[in-house]
Structure formats: C-alpha cells, structure tokens
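If you scroll down you'll find the structure; I have some questions about it.
Chain naming follows the written order as A, B, C, D and E, and within any one chain the residues start at number 1.
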Amino acid sequence: MKLGFNLILGGALTALVILAGLLAPWLAHFDPVLDADLMSAELPPDATYWFGTDAQGRDVYSRILYGAQISLTVGIVSQIINTIIGVALGMSAAYWGGWWDDLVNGLTNVMLAIPSLIFALAVMAVLGPGLVSLLIALGLTNWSWTCRIARSSTLSLKSLGYVQAAQTLGYSDPRIMFTQILPNIMGPVLVMATLGMGSAVLSEAALSFLGLGIQPPFPSWGSMLTDARQMIQIAPWTAIFPGMAIFFAVLGFNLLGDGLRDMLDPHMRTRKL
Amino acid sequence: EEPRQGGTFNFTAPYGSSFATLDTHASPNIQEEFITQAIHRSLYAWDSNNNAPVPELATSVDESEDGLVYTYHLRKDAKFHNGKALTADDIIYSYKRIADPKNAFPGASYVAIIKGVDDFAAGKSEDISGLKKVDDNTLEITFASPVNPGFSLMQNTTAIYPSNVEDEATFATAPVGLGPFVFKEHIPGSQLVVEKFGDFYEEGKPYLDRVNIILMSEDSARDVAFRNKEIDVSVLGPTQYQAYQQDDALKDNLLEVAEVFTRNIGFNPKVEALRDKRVRQAINHAINTPLIVERLVKNKAYPASGWLPISSPAFDKDKAPYAFDPDKAKELLKEAGYENGFTFEVTASPNESWGVPIVEAILPMLQKVGITVKPKPVESSALGEAVTTNNFEAFIWSNQTGPDPLAAMRCYWSKTAQSACNYTSYSNPEFDKLYEAARDERDPTRQTDLLRQANNLVQDDAPVWFFNYNKAVMAYQPWVHGLAPNANELALQPYEDIWIDDSAPDNRK
Amino acid sequence: MMDAPLLSVENLHVRFPLSGSWFGRGRKMLHAVNGLSLDLAKGECLSIVGESGCGKSTTALSVMGLQEPSEGSILFRGKPFSGPQAPSRMERAMAAQMVFQDPYASLNPRQTVWHSLAQPLRLHNVTARSELSDRIERVMRSVGLTPEQAERYPHEFSGGQRQRIGIARALILQPEIVVLDEPVSALDVSIRAQIINLLLDLQEEFGLSYLMISHDLSVVEHMSDRVAVMFFGQIVETGPWSAIFSDPVHPYTRRLIATIPDPGAVLGLSREAVVEGSVQAPAGWIFADDGSSAPDVTVAPEPSELVEISPGHYVRLARS
Amino acid sequence: MLRFTIRRVLQIIPTIVVVALLIFVIFSVVPGSFATSLLSDGKTAPDPQLMARLNEQLGLDKPVHQRFITYVGDLAQLDLGTSFRTRRPVLELINERIWASLQLAVAAMIFAVVVAVPLGFLAALRPGSILDTVTMVGAVSGLSLPQFWLGLLLMYVFALQLNWLPSFGYGDGSLRNLILPAITLGVTPLALLARTTRAGVLDVLNGDFVRTAHAKGLSEAQVVRRHVARNALVLIITTVGLLFGSLIGQAVVIEKLFAWPGIGSLLVDSVAMRDIPVVQGTILVIVVWFLVINTAVDIVYALVDPRIKQE
Amino acid sequence: MKPLLDVRNLELGLRHGGQAHRILKGVSFQIMPGETYGLVGESGSGKSVTSLAIIGLLKKPLQTLGGEIFFEGRNLLALPRREMRSLRGNRIAMVFQEPMSALNPLQTVGRQIAEMYVQHQGRSWAQAEKMAVEALASVRVPTPERRARDYPHQMSGGLRQRVMIAMALACDPALLIADEPTTALDVTVQAEVLKLIRELCAERGTAVLFISHDLGVIATMCQRVGVMYAGCLVEENATRDLFVSPRHEYTRGLLGALPKLGSRRLHGRQRLVDIDSFIADRSRLTETRFIAPRNPVPGEAG
C-alpha cells in the first residue's frame, strides 16, 4: 500500500476521536448524565436525538461524544503507565545487564504468561470497578511487550558508536539513557503505545461485559455497548452507535500504529504479533 | 386436556454460569435449586397456589398444644433413587448432616430451629435431642420455639438425603434424592440432565422423560436461543419483557408473578443528612418511582408501597405509596435544613433491575431537588460485603421479603444485628414493640395485623427508598404446559407437573 | 629506553562467558584477549592489525574503559587507568577518546552536531556561550568543516563528513590519546584518503597519540610508527612499521602481508621478495603458533614470550 | 536436543512459582470473601455464626502468611486445594472444564490458521494487489472489533436469522455447537496471524537467499515451495504458539457469551464468587498451558531451524 | 571471436509517475569467453544493478529502460521468462557478497548445491546430492561428505563462500558474475577465495564479471577493467594499462587516493590524493569516457 495511507486514515480517525472528546461540551446537545428523561427513553434517531436515546432517555450522540473523553483517557493514560514501566525496565535492563536484566526478563516472562485480560480482571477485582481502577489495571497489564521492545532496541543501540562515545565523553549512565538512548527508541515504543491504545479500549469493553469495566454514570463506550446488548431488537441504535464508535476509534489507533511503524520501522521489529 | 407423557424439556438456569455443587446441602444459591427441584424433596414444600408451605413427605402432621412438638407420619410410598425407601432415619441423618459444624452448611441456620441443634453443633451431644424416631414411618420433632417449621424445612438446603450412602462425597457429583427425576449427567458449566424416576411417589408423574437444565446466564444469548426454539423457557429481563410483549409470536406465552423481593435503596444513618427522617421521606417523594418502573423496568415490577410485598399476607393494600412530589420533597428538605442539598454515594452492583442503571435514573431526579447522588459501582460479590460490614452511605439491593412476613420484618428489629439484615441500622422502640408482639402472637390473623402495622411504621420512617417488588416473567414455548406461578422464585418450576404437547419440535417429543 | 610511555597496557586478559545465562556459571569462557602488553608513547601512532575476531576491538574498548579487563592493568602516565583505582569517567574523558568505525552509527541522529559537541563541553564545565562557540568553531575547522554546518543533523552529512564529525567529537575535549577503531574501513575508497590525510594532519598539529586498529595493511603501513600484529588474543609480532613490513618474522605476519591483494603488483612494486621463502626461528626457540589454524579460544594458550630480535622488534616464540 | 528440551522445560518452573505467588498476593487483598459473596443475591440472610464456621472450615481465619505456606506446600505436591464453593478438589473441577476449553481453543486456532496462513501468504506474494489490500483491511478491522459484539452479531445472523447453527452451549459436544464460538474466538488470532504471515513471508522474500534461489534458475513456485515456505514457517510457528498459548485466557468473554463450559467461565464465576482456590488454580493452569505451548513451540522451532539447537 | 556477453547501451532505472529516473545511463561493455572483466567504482555507481540486470533479477521498482544485453547471441532482455530461467544458474551464475545471508539457513549446503543438478540437469535428488559432494570437493572443502550435511551456520565465512562458488559453478556456466565476493571476508580468507575463483574459472574457461571496489583485488583478478561513475562506464582498459596510465580524471583520483603497500618504503610518506580537491567539477565527470580498443584476450587467438 502507498506510504501513509494507514497513517492518514488512522490519524484522521484518531483526530476525530480526540476532537470529539475535547469539544464534547460544545458539540453535545445534552448533558450525558443529567439530561435523562425517562419519558423520552428509547427514541429512534431524529433531528433532536441524532443517534436516538437510550433506556434512560439520554441522548446517545452526546454520550458518545463524552464517551470519547473516557475512551481517550483509558487509552492514553493506560498506555502512558505501560510505556513508563516498560521503557524504564526494558531500557535499564538492557543497559545495565547482569542480575537486573535477568530479573526484568523473568518478570516480563511472568507477565507475558498471564493473559492480559485475566490479569486485568484480577486487578479490577481487587480495586473494584471504576475508571481509576481500570486505568491502573490496564496500565499494569501490557507493559511487557513495550519492555521487550525497549530492551531489544536498547541492546542494539548500546554498542553503537554514539552511545559508547557518550560514555567515553564522561556522560553518566542516567544521562546516556535519557539523552542518547531514550529519544532513539521512542519510535517503536510509540508504535506499541498507539497499538496499545486500541487494545485498551477493547479491553475496557470486554471488562465491561464481564461486569468490571468503568461504570455509569460515566458514559464509556464499553459500558454503553454492554448495557445495550439486550436492546438490539427493540432499540438497535443504542448498540450500533457505541459499537461503531469503538470500532472506528480502535481502527484509528491500529491504523495509526501501523502507519507509524511503516514510517519508523519498516522491518516490523515492533510487533511480532 | 390430558397431559402427554414423554418428551425432553429444555429448561434454563439463568442465574450464573455453573452449578457450584450438586450437593444441595452445601449451596444456598438459587442456581442449585433448579437441580434440587428435580432431584430432591424436603420435608415441606411450597404451595404456590396458596402461598404457604405444606408438608410434602408426611401424609399427616400432629402439632402439640404449645406448638413445639410436631409428629410427622411419613409417606410410605416415597423411595430414593437408589432404591431405599424413605424412613425417619433418613430425615434424622439429613438434619444431622446439615447441622454438623464440620460441614458448615448454610442450611444449618434453618435446622437450628430444632431443639438440641445448639448442643449438637457445639459438640456437647452426639445426637440432636429434638429429633426422635418413633418408628420407621413416624418422626417426632421438637422445636426450640413455636415457629412455623415449614418455612425452614422446605428449603433446598434442608433436603432429605438417603442415609445409606457410604461416601458422602458422591453427593456432590452423583446426587441421590426423592424427587421425580434421577440425576443422569452433568457437563459442568454447560448443562445438567435428569431423567424420569419411575418410582416417584406421585401417581402418573412425572410426565417428561428427560429434563435438560441448561446454564445460560447471558440474557442476550438466552434471548436468541429462545427465539430459535432451542430452549423451552426463558426468564426475562425488563428489556426482553417489553420486546416479548410487543412480539405477536411471543406475547401470549408469558407467565408473570409477583415475587417476594423488595428492591430498595437503604440509607445509612452514619450520613448526617440521611439520619433525618424528613430527608429520607424527601428522597422518596423526589423520585418518580412509577415512571422508573414503567419506563426503565418496563413494568416488570410493581411500585413498592412498603417493605412487605404484594403477595405477603401482611401486605396493606390501602397504604398509599410515597407520591411523586418534588415540591413536597423540597419543602421537607428545607425543613430539615438541606435546602442547599447534599451529596451521598450509592453502592451498587451492575444489576439491570436493581443496580447502577437505577441509580443513573434517580440521579437526575434527585439533582432537581438539590441532592447529588454518586453511584459507587461494585461487583455483585462485593456488594454483600460492603452492606453487611456497614461500609456504605447508601446501597441498592433486592432483598427477599417473603414468604414469611415475620422473618421479613425481623430485619427492622433493633436487636437484629446490622450485619444480619438490619442493614440500615434501623431502630425504633415503637417498631420493636409491634414486632415482639407479633413474634409472640399465636393467632395468625392478629399476628398479620401487627405485622401490617409494623410494616406501615417502617414505610413512614423510610429507612430505605421503596422502589419496587419484583415481577418475575417467564416466557415459554407454546407446547409447554403445567408451569406454576411460583412467587418465591418463578424460575423454580415443578418439573413433575410439566408436560409438552404434540406441537413440540420432533427432536424433543 | 624511551621516555616513560603515555599509556601502557600490561598483561591484559579479557574473557567472556560463552552463552551467559545464570545456569551458565562455571561454563566455558571465551578468551578474547590473552596477556596482551603494549606501550604507547606520546605523539606516536601504534597500530594493531590482525584478522577478524582476534581481539582488537576488545583491547581498544578496555583502554577506553568500556570493557572491564578480566586481568592485567592499564596505566596512563603511570597511574592506573582501569580497575578499582581507575579515574572517573569525567577524568578519563580528558585522557583518551575514540573514533568509531561506522560513521552512520557513531552520531546520535536526534542531536544536531552542535549539540553533540557542546554537551560534553558543558559536562566538563565549559558553559560560557562564547567559549563553547569558540571551541566548537575551532574543532569544526580543524576537521575541515565549516562552523555553520554544526547546526545540522547527522543525516544531512555524507559518510566522510560524518567521520570528520566523529573525529571532531573525539577532539573536542582535547585528549592526549585517540583510539581509532577501523577509522576508514567503512568509508568508500575515494573518501578514505581524505580521512587518512586529516588524521595525519591532526596528529601533527596537536601532538596526538593514536592507537589504531585496522586490518587494512596498506593503511597501517601508511600511518603507523609502530605495528603490533595480533593473532587470537595475543601479539605475535611487534615493532617499528618498517621492520614489520620489510622483515616480517612470524609466519602469521608473513602470511598476512602475503595475502594482501595489491594494485602495486601490476605496477611492479613487488613485495614478493619480502614474504617469499620462510624464516627460521632463532636458535633455541620455535614459533609457538604459526597462525595457520585457529586455536581453541576457550582455553588459555601454551606459554610463550615476546623475544626482541632487533631493537624494538619483538616476536612471539616458545622455548623449543 | 534432549538437553535442550530438558533445559527449556526446567526454565518454566521459576515463572510458574512467581505467577503462583503473584496471584496469591493479589487474591489475598481482594475485597469480598466467599462467605459474603453467598449473600450477593440478597436472599440469604447471613448468620454470623455460620459465617465464622465457614471461614474456619475454609481456613480463612488464619493469618495470610500461614495460608501462603499451606498454599505453597500443597502446590509443591501438585495439589491446587479445594474449592470453597463446591467443596471438591480444584484439580477435579478444572479437569471437568479444561477439555471444553481446549476444544474451543483448538477449533479457533484451526480456523485461524486455515484462513490466515494462506491469505497472508498470498497477500505477501502479491503485495499491493486487491487480495492483499482486502486481507490487510480485513485483518485490521478484525482487530478493532469488540469480541462479544462480534459474537452477538454472529449469533443473531447464523442462529436466529439463518437458523444454521445452534446459538449457544456445549450441547452434546458436537461440532455444530463449536462453530460459532470458535469463529468468534478465532477472529483476533486470525487477524494477527494473517498480518504476521504476510510480514514474515515478505521478510523472507526479501532475504538474500531468495535472490540466490532465483539466481539458480528456479521458478517462482519452486522458490516459494522450497525456500520461502519453510523459512516463513518458523515465524508462523512462533506466532501460532504465542496465540494458541494465550487463547484460553482470551476465551473468557466468549465462554461467558456462548455459555461454553470452559475454564474461562469457571474463572469468571469463581472470581465473582470469590472462590479463591479455584481462581488461583485456574489462572495457574492457564499460565502453565501458555508456558507449555511456548516451550513446545521452542522445541518444534529447534527441530525446524537447525540454528537453534546449536548452543 | 564473438563476445560471450555484449551489453549495449544499457539504461536502467525506475519510473515514477510518468517520469523515469535513470540509474544507469547507457552502459556498454563486452566480455569474451573465458575472460575476467572487472567493474570498479564508487559506491552507488551502479555496479550491482548492472550485474542484476544481466542475470535478470532486478527487483520491482527497478527496471531496464533501454539497451540490449546479448548473451551467446541472444538478447536477454527480450527472452521469455521461462528461457531466461533455464539460462540462469545454468549458463550464467552468480556469487553474492554476503555468504551468510545468501544461503538458505534451513537447508543443508549439500542439498542447496544439489538443487542445481536437479533443476538444470534433471538428476534425481539422490544422484544430485552425490554430485554435490564432488562439487564441494572441487572447491577444496575438506571432508566434503561430512560438510555436505552441514547447515550454513555451521560453517565459517570462507567455507560458505566456497559453497556459493561450488553452487555457481555446478553446471559449468559460461559466465560467472561475482559481486564483491570477498568484501565480507577476512584478508587471509579473501586471498584463498580469490585464488579459488581464479583457478577454477581458468580451468573451465568460465568468463567472469568481477565487481569490487578494492582496486587491489581487481588488479590481481582481472584482465580488463571498467570504471563506473554515477551510472556511466567512464573508462575501460586492460588492467595493467589502466593502472599504469589512467586516463579518466576519476580513475586517476581513485588510484591516487589509495595508499600502496611498499610505497612508503620507497618514496616516504606522501599525502594521498584527495579526490574532492583533485576533481574540480564532478558533474562534468560523466561527460568524458575513455574506452580503449579491446586487445585480444591473452593466450587466445581472436
């Protein structure tokens, strides 16, 4: 495919989600939580309620806009946590080597062995449902791939001239890691984080389905979809629109990640999966 | 119409995706009752037509003057699936097994009404002194206090097991009982199969050859399966109830019953504002309960006018529910000094009918009178803990309020522990007086009257927001006959009465 | 005797564990460097030659403090330069710097050249803007680039220019020793000459000492004052460049020189005379290892010693 | 080879130990307990005495460290403990369920492999073609769908509308029941596998040895068959292993949705009921499964790729 | 005598949109049967693409834009794919630079060599594998029976390159293309490999197109040399003549830029020629071309 197709479409979809989230207060017609009138519950899409209303009589369109805020928060914050943990561990392990490397490797293997959904489920069970718990759960779950990538990228950078030169010029280890290594491994890490945002949004939906997601009144797409799954027959719009929102947002993140990778890392080092 | 013999009935167990154990003594959960209903029998059974427990395994019962000693003349035609005939020994054996502290069975609290169970449980005695075998077919039970033993001894956790099974561990995998169906096969997490018991004591029953009790907790999946005619009955949630009512093909085959659960939001007096009766009443006035019941719960419930449900003998038809009246609510709040409102948190599980969605619905309503509600979502399993450890500001729950009204009202007795069921730490000396009087009253009408007064007192005090009484709805395929409107739990059906007619799909006939 | 050497490596050993996992303790070790000793005098260029994997880079890295020696010591002006009493990275940086083989990998792609040059200065407390600019300008000019080019990123330079920048960076702290690890082998033939000329000019101008690693013997001959020939972790022959190239003694050295394909051959600059025939080891000695087959790198070699056969010209021999 | 195998097998032991420890710690701080979860339906009035007895019987009244010692001791004897809820050995419960899970995982994987590998292969052989575009767009879309949503959709279409397949459940264990859940579960691995296959084959195709093969005068088909396929296989095997290993863990949602009696639904139920021994046991089994598959893959890998067993 | 290979005005590049980027701008040269012809030149001057064009292995965006390549009288560029395939490996063989990656890591080297016999001589695999052992012996691999069962990673770089050579020469091709066959090897190993190519090709009368940027290697291997610069063949001459009297500015610069072994001893250390300052205007370099009239191949009558 032509260079940048993924990047453009992915970027556009992601930008759409970001705009929807940022501009929700202005774009939304109603308050996502308080404008609930049971008298106007389950209305099909019309001029007032563009995407119809849900069982509580809330405007699905407005809720999807606000839901973008939640999904973005979930995606971004969890990936920031993942990335920080993964990069800190992976980079330092590769740089220092020795027992620390063995330890980090062991830990990574452990994390890889526990399926992420199950680990998130366990963490959510401990912390209880809710946004903060979800951020922590997803933030703690998926750092192992980032860690592996940070580690292998650092390993290959470590023997490069400019890193060795920095050592001979008297840079301290942390300085080398921050100024010489980190900027140069950010590419693949960023790709992972972007792809991770998509899976975080999906995980949120899956956890919602299992009763452990973010729960109302926050209008998260996952919980909207979960709530609506029984209404497919009587009020299909309540399920279709959040479903599409998830699909397109995740598609956007995935395409953006693919596009970034095509750009930064043409040899697919980033994602063996 | 003459019941047709034979056929396979595909029943669904909708409340969880697995049976914990087939040893019904060990599990208090509704899910296991679906099996018990087919395989086991207890001393008493629930008569759904008269809403009262009746003796099941005894042909007649003699009651002593003081109401403490009951003599049961056991039926002679009852046989266990392993061929053993029912004798008094089996009952004594079963109750001892249930009361055995080593087992820590949940049914222990039910058999605790029998005299001598305390000593037995404490290890002071080898036997339960209240259980006396007169002869093989006669059993005398002495109770610790004059209660109606039927409510306790009809439970699935007090089912009667045969006393001649060597290895008790096999009850968990290959149960043996007195019921109309014999355990055939269990595919854990999927289904349980039972087959007709030829020696069942009721003549001509059961009609069915085979019952598949299929595990299906996911509502939407169950919906598809039912419409696809893969299952014969389905318990409906509100959304589906509405959908089925609108569907010509389905609307005629719905079985509805008012169950004995009261959905409510319990207020914790720990919260300053909620300690004020006027505030609690204001909340009751501020919420448009009928609207929520109609629109959100899709009429799959009856607005609650008090603690005791409609089917309860002590239900007061004349007591008006709290009217929806936001102005009154504001007034009450002003009186109480909360005209600027306050905030409280409602601990809620994800349940569709009595969980977070309901909190979401009351949220804008209360906001209009200045009260800010914050849902605090928890898992179902954590809800019980939060409530019983008094770790909440308010909670939304569905509590069993029947069939025994005395037991239901006991929850507001100030001597009942908060953790036991006085979750709102309710304490009103006036109520205590009424409750104690009712407890000691032997005349059923007078007792009912006292309980009604107590119930109305609670309604007035509004320790909870009275939301609704559950209406259970079961959809069934047109070829299914013999379903019973069981107010305790609609999903529990008398399999022995059910039969299917010729219009059933061929592979199930 | 000459003056006290600037840098002396004494009996250096470097070993690597083979397949290093923690199950692998007590496993076999790869002897990359085996008792290597050498001296580097002020202002001279000492080259180490040898085939791939013989331990040249490892030696260089040990000198730079990038590889901890397993045994032996490295002294700079008579003071320890390795081990527990080694100076800090900062002090070490003032003594020795390195130019790397691959000009594409030796510059941080995300820093401008100016930044790459200024940061080490700042680290060594040169912070005044004017002085920074001044020094960067000087070093840029001395490697033949214009100061304006410092504002660019590495990818805007050609391979040869990058190598110049690498050299500039090595010189920015004004070290006394510069270690050159194959400084021209990754460069296109046409550019090599420029860099070789530049290195020679700089050596003259700043009185630098070079420790150069190369397997290109014609470059070595052109640049070196002294040459050390390495074979699997050991120096087999060392001496002034002229001695090594006109009177190679050790069979390995002779083979090495003989195998160089040389355009000189077609021009009649025949060197066949130098390497034809065989040289006998001095009486009482034999060549411990004639370099005809690879020794087992996992065991320490047989004892042997470097014997001086003419002034400054040593050959590794074993007693017969 | 034998030594390689033994070493790989031994290497998974520390991982298992750490996982066991981790889940023990997590579930010793989880709120709610088995006793209180019995109340979750609002029906059973709690009897404090009974609860105390229950906790005593389950050993929950002992301090954490003591419980941990018991847990580890039992574990060392391959005893996963006894379920709180069913009062039966956890191993037995898992044994009842694991086969259904395996069936599902195997079916899903077969579906994924059968579809993804040829598609990925063809896509890589004709990069930029319509097939390639469609495959890759399909793959990335497959990765962007919430699983339960897809499952519901399939259920509505294939069970309700078309009436081709049963919508749920294990039935009598026949293939018909397996199809929908397996497809739903298989979509994600399918998408990932198609992408990796394509990338892997492209990688191999760009390898110098493929150029050598062309230089030998082999035809395109011969090159692919003799030189590309096996090299790509190495990558595909690893991916299949990784995906297959994690599939049981991923199946949780699908098992819930389709009422499939696997250990995924056992796990979710047990978490909800706070039946901690079962939770621990199930997770452990899922982890062991993952590790065993990956070890097996490593061994197969070593058989296929002569470079591995060397060291 | 007719040339074995006659490249005429070869143009090659990529089309982007409607435009064509030319990488080779009209390259012509001829190779006689049995002759070793060298190509030198700066990196990126187009040596490799020339060789790939001859054997027909140009990768996608690259394509020939013009010219002809006559091999044994047939224009390779106009040949049907099938026929081109039967030439490849059989009449024209190639040895690549990186012996590690150029061999299939998952097949024994014996089998990889044997594939040549199966493909071009229709042998059975069993027979072919026996012949592969002989081929290995012919490139002087010690214990060829055992080595035939080895995988590439079990061999050193020099051995692998020998395997490549055995493979290339298996079917006695008329032309061997060697694209920098020894740059990845150590000097001592390089000498052996070069010697092997020289001897085997002389023995069998195979013509060689030898690509290198190491003038030393070219000098020892080739009878004639072409110098490439920016997609043009700027000078061509017999090796000795080229080294003694280079005529093109770039060639002169190139020769002056190299330190020559032994010259320091004779002439002292002299500054090397800096091509950049030596050549005033690079853009003019391709304008002049010096193609010497071809001498008859030594030892053969034209």
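In this text, contacts are C-beta pairs under 8 Å (C-beta built on N, C-alpha and C of every residue); 3 or more make two chains touch, one makes a residue touch a chain.
Which protein is which chain? UniProt says A = Peptide/nickel transport system permease protein; C = Glutathione import ATP-binding protein GsiA; D = Glutathione transport system permease protein GsiC; E = Peptide/nickel transport system ATP-binding protein.
The structure displayed is predicted, hence computed values, not measured ones.
Peer 1: Which chains are shared contacts of subunit A and subunit E?
Peer 2: C, D
Peer 1: Going chain by chain, each one touching the next, work out the least steps from subunit B to subunit D.
Peer 2: Minimum number of steps from subunit B to subunit D: 1.
Peer 1: Which two chains meet at the most C-beta pairs?
Peer 2: Going pair by pair, the biggest contact count turns up for B-D.
Peer 1: With chain centres defined as C-alpha means, what is the inter-centre distance between subunit B and subunit E in Å?
Peer 2: 89
Peer 1: How many angstrom lie between the CA centroids of subunit A and subunit D, rounded to a whole number?
Peer 2: For subunit A versus subunit D, the centre distance works out to 22 Å.
Peer 1: Can you check how far apart subunit A and subunit B are, centre to centre, with Cα atoms defining each centre and the answer in Å?
Peer 2: Averaging C-alpha atoms per chain gives centres 43 Å apart.
Peer 1: Quick one: subunit C and subunit E, Cα centre-to-centre, how many Å?
Peer 2: Their C-alpha centroids are separated by 33 Å.
Peer 1: At least two other chains touched by the same residue of subunit E: list those residues.
Peer 2: Nothing qualifies.
Peer 1: Would you pick out the residues of subunit B that each touch at least 2 other chains?
Peer 2: Counting only residues that touch two or more other chains, subunit B contributes 220, 378-380, 382.
Peer 1: Name the residues of subunit A that each touch 2 or more other chains.
Peer 2: Residues 125, 128, 211, 229, 232.
Peer 1: Can you check the complex and tell me which residues of subunit D touch subunit E?
Peer 2: Residues 207-209, 211-219, 222, 226-227, 230-231, 234, 304-307, 310 of subunit D touch subunit E in their complex.
Peer 1: Note which residues of subunit A are touching subunit D in the complex, please.
Peer 2: 1, 106-107, 109-110, 112-118, 121-123, 125-126, 128, 198, 202, 205-206, 209-211, 222, 225-226, 229, 232, 243, 246-248, 250-251, 254-255, 258, 267-268, 272-273
Peer 1: Quick one: in the complex, what on subunit B touches subunit A?
Peer 2: Residue positions touching the partner: 219-220, 223, 237, 239-240, 242-243, 246, 288, 291-292, 294-296, 350, 352, 356-357, 359-361, 363-364, 367, 375, 377-380, 382.
Peer 1: What residues on subunit A touch subunit C, complex-wise?
Peer 2: Result: residues 102, 160-162, 164-172, 179-180, 183-184 of subunit A touch subunit C.
Peer 1: For subunit D, which residues are in contact with subunit B within the complex?
Peer 2: Listed in rising order, the residues of subunit D that touch subunit B are 31-33, 36-50, 53-54, 56-57, 85-88, 93, 96-97, 100, 152, 155-156, 159-160, 163, 166-171, 173, 255-262, 265-266, 268-269, 272-274.
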